[in-house]
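Attaching a single structure in structure tokens format; questions to follow.
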């Protein structure tokens, strides 16, 4: 745990001052231990409340989109709704089907939540504000993320229910086929930043050109394409709207969650929201410049506030997409991944390599560089899109 | 031998044993996954973070999935294949085979020149790892790449045969 | 290009989201217990028996227990027992009245057939829909005491329909009195010398509708 | 579309052996119908569908009707009272309403009658001719008991498979599975009194 | 053993996952979707045999909402059955009433006043708008959109139901048509609010289509799914938008020309492929035609009596005889076959249920598709269980 920026103004150093004030009385070895405990407690507290608020915000935004107010009976503007849901989940009887496999049935939510919480360790929330400064942070993030698939299958298989089984098979196929574009879209960022450590990636996105355009990766042609692929894959990894096939209500009732009730059901939802938050956090870190301020003049606002703002913006886009789009079918979903996202990510890798190699070009060559960059990013998108959408299209109708 | 290492070792060996002795095939796969996680913990303890994360990503993320698919699609999971009665002759043969394998392994470990130094392995940074891979071991990396591509193509061809058998999958 | 349709859809939902904060058309929820939507005048729920005056409902029931509504009611939820004796109705003519008049609101589907077929305008549709009852057995069977409501209440919930009914009843009563007077005059006419019967006090001024109950 | 008589001639012309008789409809709608004998019904139906002038390719409605035995008194001068009681045997009837989507005309009403209401209740199924009869004939079988020979999947469609009787028949007696009803009234009151001799409803009426 | 050779579902052992061995593809999974299933539009059950995700066999099971509506009608008087027709297709009570009133009028030879015919056309077209808007909402709900299109559809439906409530007294159980006309005369204020609604509906449809019609995911989920050939559609007695989506331009409003429809100019949209997307689009285009009809009808509705007072409602005893009359309901041809023996209640009362007959070819459309598609196909057939089970 770093000592924190010494030169920045008070707000920036606030978290570190708070931590030091708490642990200054402890002897040396215990202090390190206390610091990590505080970091863990802080992350769990913040993201726990964010989860609670997110369930409420999601239902309020969905409501507003559908011309209705959303929950507003509990507390002022429905603010106590998460508390009500929590109590309901706690008091509900936890039914385990007789023919279920009790050990796996119990372990599934625990493993899912465990691995999805692990991913919070490497995300840089602010300047020097990262729980564990790992050299291979991004790889650690994806490793922890990929272990959650096992637990979803555990849940589906152990409930011994037809719907759960079909959903578990779907979940496996979906998560594997979208993990590849997720990683492939992160590789260009590592190539551009030259490091796998998340804080260094964010630092490499500092600085501005012409005073107001920040050096975020999303403002480069390959960055925009990679961000799009990463965002779509993140939607699918966290089982969110167009890709929420495992718990497709219309076909499989609640998919692999069918046989869960009570607090285990709540744990699954907490794991899903944690997964969503961590993927959005990594998207912000890789592409939207982590805790970097968008304008030089706005640097007085503390860095962790910028990270929180961007995270909430991405989460709102997640909810916005859930409010609008219908669900893809299983084979369309996997074909979309293998025939659209993976080729796009691979070509984008080449585009990013070209962008890094052509760093030295100046003057008119700069315009050529941008032209080639954009062509390499948009070209495959249009071509693959046309091939993917070959069979479908608007139709004209005649009248009898 | 720190306490943490002992616990990790015990967990790895225990889950590996449970995997082998387990009655339900699927539960043994989950036990196998736990033992792979134990191996990853070893790498972490040894300081090789990159390899540990790669181990988790590849083994826990992908190989266990392949094993699950394999078991489910070949219907072994359905009828619990009850093991044949443990005849004495079969037990002796098993012990002999196990002893032989153990002996060979122990010999190899004993004779390999391990510079067992007190300190941890030098913490190689990922950047250093990248230079080595692309520099000295570039050839090995290319060979492994080609090998994997061929394996992937083989898998696609095998899967493609399957598609013909059930036409009409393409909408 | 792939994705333009999705963006169009997202634009529509965004417009609805923002619209819901200022545009009345895009925020249509009325918070039921606190705010209530105005019920249209033609709204109908369970029937009720019309009685002339509020202070003596059982005495001034319009219903004459002709049991037409009991026969015509599709789910057969009305149960009438005629009274043995008679009592004078609004026009003074002695009429039978219903000793027992039960409507089982658990069975009634408020289809308003009974109102249509009633020749005496004795049963009309109410507008009360908050009828939840704790007692599952007796509370849903409404007897005539629970059903009887004054004509003024009928005018308050169905003004136009009540207006037509009252004018029709008034015309009928005037015609009846006219006929009664001519019959009385005819009976009196053969005795020319009989003193002209005191001018019928103009049919004791059409029954003033009782003050609003 | 030609009148029903012309269609009858057309059927008899190409199917000499078929019994096709005209059933007049006394109602104002004057939709007269053809009564087909069970023997040649299938061929007649195929003819109606494939004939160039008719092309009745759309069987809109299949209805079952139950005609139980009834006494008809007819004027019979020879009998003493001038009236004689004659018992008309009961039968089950299936009515098909046929339309033509190709030529846009219809309806032609076709009827088939079973021999009696007890054992000979078999009629040829017209599902091979018009696919729309599949579910409707299953419903007639379920509610009336007409067995359709040649139907691909003749099972009960609305009632559960173990149900024995046919509810739409005129002589169907409802099972007396009387459940306690909180507020019995009318004929339900009588059934309530049969099951619960005590007064079904607490006397709520105050003495008038 | 049911005819398909597989052991009947009930006899299979215990609640374990029943992998029914079949020589064709190895493990088949027999799944019972319904009667309590979120996307079967009511108590409708499909016994689906799955090979992985694709449907191998699909047997619909009905009867969960069967209350023998026709036996009740034989016991009740002609007027007494009118409120029960609301409960047939409880989304479109006005068209059910009209079809029944038309049948009894033809049976009893009862003339209908001109103003009543216009009001009936207006109410029928409003019901068509309401039903097709809800259909698009339910179809997207089955396709996975989390309720947004359905809520927009219900927002518009509420406006139409308010019109019905201020006219007939009840939103869904209108019981409004009588033999020879309608029960209550629409006031000028009511007609003005109807005109306002019809004018606003075009804008709502544009916004609704912007959200749905161009949506690539919806197109991918519905184009080429559940294809229905014109010959099979006609032979299976499919009627309504499903038949027109299959490419057969058969609309009873044009063919029979009942109820002053010949006076209005409107077109009948036809689909080309007969798949789920065509069924969705034909209904959207039909709504636009209905708006045209409504504008013409509301513009030149004549004054005059809504119901001639001499028409007998209560003690109606039509002469002995039978009649089959039909109208173009939103779900298809809804017809009534009445046999009268001169008595106060009908001797035989038969409803032609378009939902049940449109389900005849559900299995043909779903074979070979995935289970997610069979849900979307069922949604596009547009069934209401009150009418299917009667």
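Which chain is which? They are A, B, C, D and E, in the order written, and residues in each are numbered from 1.
One rule holds in what follows: contacts are C-beta pairs under 8 Å (C-beta built on N, C-alpha and C of every residue); 3 or more make two chains touch, one makes a residue touch a chain.
Since the structure is predicted, the reported quantities are computational estimates derived from the model, not experimental observations.
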item	value
Relative to chain E, chain with the most remote C-alpha centre	B
Most central chain, Cα average position	E
Centroid-based (C-alpha) most distant chain relative to chain C	B
Separation of chain A from chain B, taking each centre as the mean of its C-alpha atoms, in whole Å	29
Where chain C and chain D are represented by their mean Cα positions, the distance between them in whole Å	42
Centroid spacing, where centroids are CA-atom means, of chain B and chain D in whole angstrom	72
Between chain B and chain C, centroid-to-centroid distance (C-alpha), Å	82
Multi-partner residues of chain C (at least 2 other chains)	2-3, 6, 9, 12-13, 16, 28
Two or more partner chains touched - positions in chain A	65-68, 323-325, 331-332, 389, 391
Chain E: positions in contact with at least two other chains	148, 152, 155, 211, 213-219, 224
Residues of chain E defined as touching chain A within the complex	14-17, 29, 31, 37-39, 50, 53, 140-148, 151-152, 155, 211, 213-221, 223-224, 244, 249, 251, 254, 267-272, 277-278, 281-282, 285, 370-373, 375
Partner chain C, residues of chain A touching it in the complex	61, 64-69, 320-321, 323-325, 381-382, 385-386, 388-389
Complex contacts: residues of chain E adjacent to chain D	3, 62-63, 66, 68, 70-71, 106-109, 232, 234-239, 248, 250, 255, 318-326, 333, 335, 337, 339-340, 348, 350, 352, 356-357, 359-361, 389-390
Residue ranges of chain B in contact with chain A within the complex	24, 26-27, 30, 33, 37, 49-50, 53-54, 56-57, 60-62, 64-65, 68-69, 72, 123, 125-127, 169, 171
Chain D - residues contacting chain E, complex	25-29, 31, 57-61, 63, 65-66, 95, 97, 101, 104, 107, 109, 130-136, 139, 143, 153, 156-160, 167-168, 172
